[in-house]
Amino acid sequence: MYELGVVYRRIVRADGDVAARLGTLGSATVHEALGRAGLMQPYMRPVYAGANASGTAVTVLLQPGDNWMLHVAAEQIAPGDVVVAGVTAACSDGYFGDLLATSFKARGARALVIDAGVRDVRALGEMQFPVWSKAVSARGTVKATLGSVNVPVVCAGALVTPGDVIVADDDGVVVVPAALAAKTLDAAVARDANEAGKRARLADGVLGLDMYDMREPLRKAGLRYID
Amino acid sequence: MYELGVVYRRIVRADGDVAARLGTLGSATVHEALGRAGLMQPYMRPVYAGANASGTAVTVLLQPGDNWMLHVAAEQIAPGDVVVAGVTAACSDGYFGDLLATSFKARGARALVIDAGVRDVRALGEMQFPVWSKAVSARGTVKATLGSVNVPVVCAGALVTPGDVIVADDDGVVVVPAALAAKTLDAAVARDANEAGKRARLADGVLGLDMYDMREPLRKAGLRYID
Amino acid sequence: MYELGVVYRRIVRADGDVAARLGTLGSATVHEALGRAGLMQPYMRPVYAGANASGTAVTVLLQPGDNWMLHVAAEQIAPGDVVVAGVTAACSDGYFGDLLATSFKARGARALVIDAGVRDVRALGEMQFPVWSKAVSARGTVKATLGSVNVPVVCAGALVTPGDVIVADDDGVVVVPAALAAKTLDAAVARDANEAGKRARLADGVLGLDMYDMREPLRKAGLRYID
Amino acid sequence: MYELGVVYRRIVRADGDVAARLGTLGSATVHEALGRAGLMQPYMRPVYAGANASGTAVTVLLQPGDNWMLHVAAEQIAPGDVVVAGVTAACSDGYFGDLLATSFKARGARALVIDAGVRDVRALGEMQFPVWSKAVSARGTVKATLGSVNVPVVCAGALVTPGDVIVADDDGVVVVPAALAAKTLDAAVARDANEAGKRARLADGVLGLDMYDMREPLRKAGLRYID
Amino acid sequence: MYELGVVYRRIVRADGDVAARLGTLGSATVHEALGRAGLMQPYMRPVYAGANASGTAVTVLLQPGDNWMLHVAAEQIAPGDVVVAGVTAACSDGYFGDLLATSFKARGARALVIDAGVRDVRALGEMQFPVWSKAVSARGTVKATLGSVNVPVVCAGALVTPGDVIVADDDGVVVVPAALAAKTLDAAVARDANEAGKRARLADGVLGLDMYDMREPLRKAGLRYID
Amino acid sequence: MYELGVVYRRIVRADGDVAARLGTLGSATVHEALGRAGLMQPYMRPVYAGANASGTAVTVLLQPGDNWMLHVAAEQIAPGDVVVAGVTAACSDGYFGDLLATSFKARGARALVIDAGVRDVRALGEMQFPVWSKAVSARGTVKATLGSVNVPVVCAGALVTPGDVIVADDDGVVVVPAALAAKTLDAAVARDANEAGKRARLADGVLGLDMYDMREPLRKAGLRYID
């Protein structure tokens, strides 16, 4: 967060296949599998409904009202990456639109996650380039001041280190540290498998009270029923 | 709001048919018919566009970050109910997702209205189980602390008593006290009937100024036209 | 903002064709062409996805919780106008619904932009009458206190003078002073033409760094690459 | 919340001495003693530092931008009361200033708690009439529409029934149901007595880890120390 | 709001004596006298308690994160002026601190009103240079982009024209158009005189219900008393 | 942010004397000297006016509504430390009051910086134990779930590593990485020395336009004066 004017070209990316599989499990399951850590603030919303993406983080530290470093970041994108952008001070300007999205997509980026605003959101939907942002704003940015690429950044309250796995969907954005990705995938797969059977039973009218054996713990906690 | 650890099994529900008919009239008309009372704060939004529901309230008082009582509430749902959940302190966690929605739906619930967050919102849209919430968040909850079921709760600034009618749609969520439901329905029907003819006249270019005889009151209030 | 109880019948509208053409260019391009001025706050959002409109402003100054002047404004609408409403104090009530939308549409209005709430949003989507607002609320308004029509108003932080061009879409709402409309159109057209070629090159994988000749300025600004 | 145009003259007040003694214990201790219930949202702040008050609730239901019912409420104040005002829709106008404060004080009111705005805050500080509010605003109100006095109201997320005990200080505002006041006082006194000895030990450098015997539970929960 | 890079040296200031006398009456009284118009949003707060000021407006239009134009504005200050600053996009940076305050004070400025952040707030209090702002932030600004001085600006939702009277105190900030200043002073003086006698009567226990003859209008409006 | 249930006993603290001297220079000067980085969001406010503190960071990662780890952190405090607490999800509960403040003070802590709520704020002022927080709330917390001590935390948008220097005052809270502390002190001292002479000249009426030689750059940027 303090190193400005620097681009790290080499980053250690989490395994791309692991990132892809974490994406299919969704942010809610992955967040639980991570021990309920790594979730960005819920103000981060997709710019179109149904957006979902996962990949390895290329990070950008931006200055307020200045998107110069997004162009620098474009060159550092490898196929399968998700660009994650923090800003040195709160800003809702539209840093990113259809031109940058075209460039990012051509470079193989899967998505953008930005703790600021974006614009051209109709075009982003038509292109199906998924973006999670704090705001939508027609106000553009200048290209005047250096930030950095591939340094650790804080984005919407979460610390993101280059190479971390990002899982983003309608429910939010989760950051999985690269070193924990494989282990988190195992835990998430187990959790997910566990849910399929439950869904069927609940659909049949079985109560969670019975399926999860909650009646006795509730009684011990002092729950009283009154007729 | 002060009685924790209690489940009232017997509640007096408003008439289900009245609840259904209020639902067809919509939250805006019902709110007017009620004398402009009972509306939850406008931060309560449906998790998918076009959601609308009405029914009788089963209430839940939740603790922050803890959804245990939603499982307890599931057993108290009768077909036609809408579950309404207040929280003892502000919380945006995702208390409710597709598993609980499957269970609530199997029990006959029409909707959930919750002054907190929910998750699995894409699945909720696919299931067409309507939910109004304050937030969407992948962050789940624990099951550790008792709240209550079927006590009066404050939800998004409105007092909800078990059995009240809930009318929810794209415009918001209105609470109709059970004792006022029938009378409110009459007023809402009258109001609605009154609007149909007006719509046709306005579509023909008649001005509200003339249709509502506003010109004289405006003149008396001092309105001046300047050419 | 200080003249209450007045309706100016004659306003000097910007050229309707210029307004229409600005609309096709979109709020982001027009905002840049204006010198990055005139954008309303980003909390102004369309009530349905994909809404876009442009036209000449008929302005309304409303009192909190009172929509009387919207009826007065309806009579002042000429085909191609966009009604822009400011309020003398912050209010999220639903000032406008399907009846007024029917009337405005019949008068030839293209859209409503209101620094307050609206309701009947599903019907507005079905009618395809576009509205940008601060909130959605089922809470209606009364008709008791005078405001004004066609006086300058502040709407979502922007000053709007009657006859100005309004351009609104998914990215926000921009106000173009009537005197600057033609010049802004020229600048916006030039800007837009300039983007088409760029999009194709970026799609081919050319980097913005090269296309915009940024490498040398970045080096001069001190950017360092680290392997 | 639905009964408009009504003033209940007879209310059952909690014991005034109990209310006074709860006030000396403070909102944080009373909130714990109540089982962590009854706290208004933390956006309710005193208009001058150091304000603190307790008393029995006279409730008022106000309309947005209209303070007529505060005058009606003044007549219902008995010495030792705290006036608690909810509003049927969110509003930050200045409902209350030095004239009403003079009147309330002359009637024996201890404080005002209002889920809206107030004004003349310097004079309120000079008079030492304590007020907790959501906002400060010079914008005054009209006297045109009926609300009610001494009906249950929702104020800043808490339900307040006439006669309840209100405890307000720098930490917030707590509502104690009249029926629970005596029991809550006992619990709060016990809690408070318990704290005095602890403060002395902590000041001597004893750690909470030891004083509260937390080391073993922390170890069992899995806490690891790394040198 | 659209003219950037311009400084108007000649402005027509409202009468300084009228501005001073409006200041002694306070923002609440002046706002009423103006017909309840011209109040900035209540998020504008003084940086120290007890601040109050009035004077004639020198206006500044600032760019986000850039305080260059405050230096340009300093030269345009005449004794008795209040500097009022709007920003072309929302920004909470600290545009103003003790150095600029020293300069403004030396030039005879009475206060600063800024729709952004300021810093050095302790020093501002010690200097007794009153400032109303949206935020306090240690983050400083650059000096790189032109705005304008003495053009009309929108500040916290209010339109301010150079030379207007600004009245600011603990209750908020009101803008009085220069052309209305004398008339507003008369109305405010009358209103104030009217209040003195009322205060004494209310202190004696007379109810507003009686003093304002409200009982009959309340009865006609349908108010019912229930014992 | 992902390591829960761990306490690092050994941390490398920045030099205490450097921390103390940075404190005397203030958050605004230090933030500039750091290259305009490291500032927490401006919503972090001191609980009493005039609070200021500096020291080396002991960090705590808290769970929502649970202050157990603050007791664990107390043991890790060395004289001259500032405790900095992040939370795994947004929470405004009152995690800290006069008992913990007594303990922290006895251990030699200089201050608490917490991205959540605190209570007993009057007592904190009387004790002169400075606290910067997001909220004030009487709602207390439980002691049930592990977090960590002395891991990197995100607090109000800033990354804090154990041992970093914290500078906090009325203008905000700045984090200086331990490795940059000495260099930042030099830059801050130079900046501060530079300001003293300027203040005197500005007080004499010299304009910043002249003192900073801005007239020529402004002219080149295109500034026009109009009489």
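We just call them A, B, C, D, E and F in the order they show up, numbering each chain from 1.
Everything below uses one rule, namely that contacts are C-beta pairs under 8 Å (C-beta built on N, C-alpha and C of every residue); 3 or more make two chains touch, one makes a residue touch a chain.
No experiment lies behind these values; they were computed from the predicted model shown.
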For chain A and chain B, chains touching each: C, F
Fitted rotation between chain B and its twin chain E in degrees, CA, nearest 5: 180
Rounded Å distance, chain A centre to chain F centre (Cα mean): 28
Length of the line joining the C-alpha centres of chain D and chain E, rounded to whole Å: 31
Residues of chain B engaged with two or more neighbouring chains: 36, 39, 49, 89-90, 92, 139
Which chain pairs touch, all of them: A-B, A-C, A-E, A-F, B-C, B-D, B-F, C-D, C-E, D-E, D-F, E-F
Sites on chain E touched by chain D in the complex: 26-28, 31-32, 36, 39, 42, 45, 49-50, 52, 169-172, 174, 195, 198-199, 202-209, 212, 214, 218, 221-227
Chain B - residues contacting chain A, complex: 5-10, 48-49, 68, 71-72, 74-75, 92, 94, 97-100, 102-103, 105-107, 117, 119-122, 135-140, 143, 145-146
Residues on chain A engaged by chain F in the complex (per definition of touch): 1-2, 4, 34-39, 41, 88-90, 152, 154, 157-159, 177, 180
Residue ranges of chain D in contact with chain C within the complex: 64-65, 89-93, 139, 144
